[in-house]
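Two complexes, one shared chain (chain A), two partners (chain B, chain C).
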Partner chain A sequence: MMALFHSEWERLWKRKIAWLFLISIPLIIALTAKYYIGHNASFPLGSPEHTTAENFPVMAMIEQLIVVFNVVALVLLTFSFTEEYRSGQLRLVMLRAYGSSQIFWAKWLAFASMMALFFVVYLVAAVVAGYVFFESSPQQTLFYYDHAVSSRYMIGYTLSYYGMAYASIVGTASVFIAIGVISRSSTAAIGLGMGFLLCSLGFPLIYDLFNRVTGFGWPAMLKYVSLTEIQFSGIAVMLSGSAAAREWHAGLWMVLILAGYVALFTAAARLIFTKSDRFI
Partner chain B sequence: MKVLAIEHVTKKAGRRTLVSDMTFEIMQGDVCGFVGPNGAGKTTLIRMITGLVRPGEGTIRIEGFDVQRDRMKALGQVGAIVESPIFFPYMSGRDNLLNLAKLHAGIPKEKRAARVDEVLATVGLDGRGRDKVKTYSLGMKQRLGIAQALLGNPKLIILDEPANGLDPMGIRELRNLILKLNQAYGITFFVSSHLLDELQRICNRFVIIKEGRLVWQGTQEAWLEMAGTSSLEDHFVEMMTT
Partner chain C sequence: MMQLLQSDWQRIWKRKKTFVSLLIFVAIVLLDCLFLGVQSFGAFDNVSSVPLTAQNFSLFLLKEVSFFLVLIIGPILMIDSFNGEYHGGQLRLVLIRPISILRLFAAKWINLAVILLLFVVVTFVIGEGAGHLLKPSVDSVVYLNPDRAYGPAGAFLYNLESYGLFMMILLAQLSVTAALCTLLPSPIICYLGWIGVAVGGLYVSDALRFLLMGMSTVFQWMAGRYAHAFLLPVMVCIFLGFAVTMLWWNRRNWVK
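This part shows the complex of A and B:
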């Protein structure tokens, strides 16, 4: 199984998008820092939107998680699942006596490992850039917190934020894999994946509008069935531990939503991937 | 000794029967031609032999191992090109083989590069191994296909329409390569093709199918004797149209 994982990792790594994304992380971080330097002019120290050396890694993740990380995940998974299957390249692996279930998990693991590498490099680059581009502050004000936190607290918060961001990418990836195994072409997989992201982005807006117009007063927590909403504000709500978040068990709710996506879509994708005959 | 044994294999897709109660054997050292008109079920049977498609009924054994129950042991004895030789185009020919060599338990890590270079030399691609596959001609891809099939020292190589798209020079190179591998290494070949004249030059046995059913199997001598002519092609056309 390790040999299969190494083989999958190597093929994923040899794709231009993988190493191009890795080497462009410092550039993405620098451009994000430049944006927040301008942003700081409008938000004074003490505002959660004011960027400091300590909170820059989190701000940089908030800025790029939904668009950059989701799209990179979608493209990598489309190459790994859809293109290899539909072009017949997967035959080369299947002829080597591995079962389709083993191949599925090796692909999943190779993707998850590569995204973990991207997250670690992104975090390291963001920490360095934070101290290069922003002033340090002994106290940080965070989104949805009713009190300031220390820089030491910020270290744990940053690691938790990246951990949850990674979990959210695993969640979106499970949907992309399911899309990838049913799509008849890479273009269709990318198109459907982008469609899912757009629907996910649009759902909270429509939900809020619907709630306002009808006056039904449905709970705000329901809008977090959208994965991109979890990425946009959910992680910060979950980690805040504020009274409002505690009241509706925000952390548990969003973890359950993520686990639900992963379990449902991974199981469906694996079933489709392993049960069908390979007329490839 | 039996290398490949097909026993009462049937495959249906919906109501359509693709392969029906197929039974035949291939012995060690055979170069067996697998012939039949388009849509006869050749590629479906090859997909079942290589584990890509599950038989609806019957069993397929390679060196005595059931492909469905003992997949690792059965397919560990096989190298194959199914339909066209497709590779990972963003990698060089050598990198493709190195990547696939990782999947052969029988090739230790320290011997992978040497084995890859050896098979590249066997198929005459040692000079182009470091070029990207997307720059290869079809003939070179066919040879690389045979190189990947050779990686795990297989006892049986299955080639599905290997001469498709090749020019006469390419076909001659392929023929010489098959004969060399058969005679020098004792590798058994199962070759599906429409080019009967070409098969006549390399095959000692034939399996003929039509509409998913076995029509005839036997040695080339027996077929020639039955046909009463030196051209198998003429007799094949007659068999398929009557």
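This part shows the complex of A and C:
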């Protein structure tokens, strides 16, 4: 199993795109920092949108999580699950004495470790860039917080934010894996994956509108059924100690949704991957 | 040339994706009609909006569905035709015949342009129909520029012109994607490349923002408020992309 994981890991890194993304992380961080420096001109210190050295890692993650990390996950998974399988490269692995379930989990683990590595590199680059480009401040104002917090508290907050962001990427990845397994060609996998992202982005808007028009007054928490909405505002709500979030059990609710996505789509993908026709 | 067009046309429709995308697209358009049907205002951007009427309905419908065309359906069809066939080795069976590669490229470009036109026309017809079914008709309608009012006939022409401009943006995308598909090796990379070009264009120059923000550009240009050059960059993308890629195909090493 270890050898299989190693082979999957090497095959992921064989792609130039993986290296390209790793190298472009500092560039992405620099562009984000440039954007927030301009942004700071219109938001005074004390607004949650004001960027300081301490909160820059979280702000940089908020800005890039939805587009960059989701799309990178989609591309890597399409290579790993659709392209390798449909182009027949995977036959050379299947030839060996591994079960298809083992191949599936090795692929999953290789992807998850690679994403974890990207998150760590991103965090380190963001911490460095934060102290280079922004001024330090003893007090931090956070989204959905009713009081300012100390910089020491900010360390734990940043780590939890990155942890939840990683969990949300694992959630979208499980959908992309299911899509990648059923797609017959890589363009179809990419198209369906992007379609899923666009629909997830659109769902909260349509849900709010539906609520307003029909007047049912369904709970606002239901909009977090969309994974991108969890990535957009959900993580901040989840980590906030505000009364409204506690009343709705926001954290528990979103963790359950994430777990539901992961369990449902990973199980379906594994089932299809192991049961489908091996003779490609 | 006619036979090349026909053969490529058949190959495009042989891929199940083409027909399925058309079906999904029509479903999205109809859903968006329902979505707009329950709304009373149409928004040009975060700030400006006007009451939705039968006359301006189709324009807002195009804004809602444009992202599906620009980011998903368009790239998939283009990449499958320009890169997927080459990558999968299917094009060898075509190139074994004594045909001109220049013409083959032109045939692909024209066929894709026709299919994109089909998608845009479907949106326009459904939009005009749904607008008159779902929304009240008015005698005078304004768009992003509140000083210019249009009668029913003027509004129809205004919508038609906006759709035409959007179609030109799609053609610009077609030429740019064709060049990308020749430059980059595999379909997945091509798709990523297109996203990179569309998003990167925003950072490079404001004159390239039409690639990603097509409808917002069309709204502003039609209202006379677009601050950057529009027609020139679109034309440069269409014709330069077409010419460069065509010559590139002719000199390309087809032994794969």
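Just so we're on the same page, the second predicted complex is superposed on the first by the 280 of 280 C-alpha atoms of A that agree within 3 Å, B and C clash if a C-alpha of one lies under 4 Å from a C-alpha of the other, contacts with A are read in each partner's own complex, and residues count from 1 in each chain.
Just so we're on the same page, a contact is a pair of C-beta atoms (placed from the backbone, for glycine too) under 8 Å apart; a residue touches a chain by one contact, two chains touch by 3 or more.
As the structure is a prediction and not an experimental result, all values here were calculated from the model.
Chemist: In the superposed model built on chain A, check whether chain B and chain C fit or clash.
Modeler: Taken together on chain A, chain C would fit alongside chain B, as the superposition shows.
Chemist: Quick one: classify A:Thr187 as touching chain B (first), chain C (second), both or neither.
Modeler: second
Chemist: Look at A:Arg246 in the shared chain and tell me whether it touches chain B only, chain C only, both, or neither; answer first, second, both or neither.
Modeler: The answer is neither, since A:Arg246 touches no partner chain.
Chemist: Once the structures are superposed on A, label A:Ile206 by its partner contacts, choosing first (chain B), second (chain C), both or neither.
Modeler: In the superposed model, A:Ile206 contacts chain C only, not chain B.
Chemist: One more residue to check, A:Arg152. First (chain B), second (chain C), both or neither?
Modeler: Neither chain B nor chain C is touched by A:Arg152.
Chemist: Taking the superposition on A as described, I'd like to know which of chain B and chain C A:Lys14 touches: first, second, both or neither.
Modeler: In the superposition, A:Lys14 touches chain B alone.
Chemist: Rounding to a multiple of 10°, what is the angle at chain A's Cα centre between the Cα centres of chain B and chain C in the superposition?
Modeler: Approximately 80 degrees at the chain A centre.
Chemist: Which one hits more chain A residues, chain B or chain C?
Modeler: Of chain B and chain C, B contacts more residues of chain A.
Chemist: So if I take every C-alpha atom in chain B and every one in chain C after superposing, what is the smallest distance between them in Å?
Modeler: Minimum over all C-alpha pairs: 8 Å.
Chemist: List the residues on chain A that touch chain C in their complex, please.
Modeler: So the residues of chain A in touch with chain C come to 17, 31, 67, 71, 75, 78-79, 83, 185-188, 190-191, 194-195, 198, 206, 209, 213.
Chemist: Spell out the part of chain C that touches chain A in their complex, as residue ranges.
Modeler: Touch residues, chain C against chain A: 17, 21, 24, 35, 38-39, 67-68, 71-73, 75-76, 79-80, 84, 186-189, 191-192, 195, 199, 203.
Chemist: If we count contacts the way the header does, which residues on chain B are in touch with chain A in the complex?
Modeler: Residues of chain B touching chain A: 47, 50-54, 71-72, 74-76, 78-80, 82-84, 86-88, 90-91, 95-96, 99-100, 102-105, 148, 152.
Chemist: What residues on chain A touch chain B, complex-wise?
Modeler: 3-4, 6-7, 10-11, 14-16, 87-89, 91-99, 277-280
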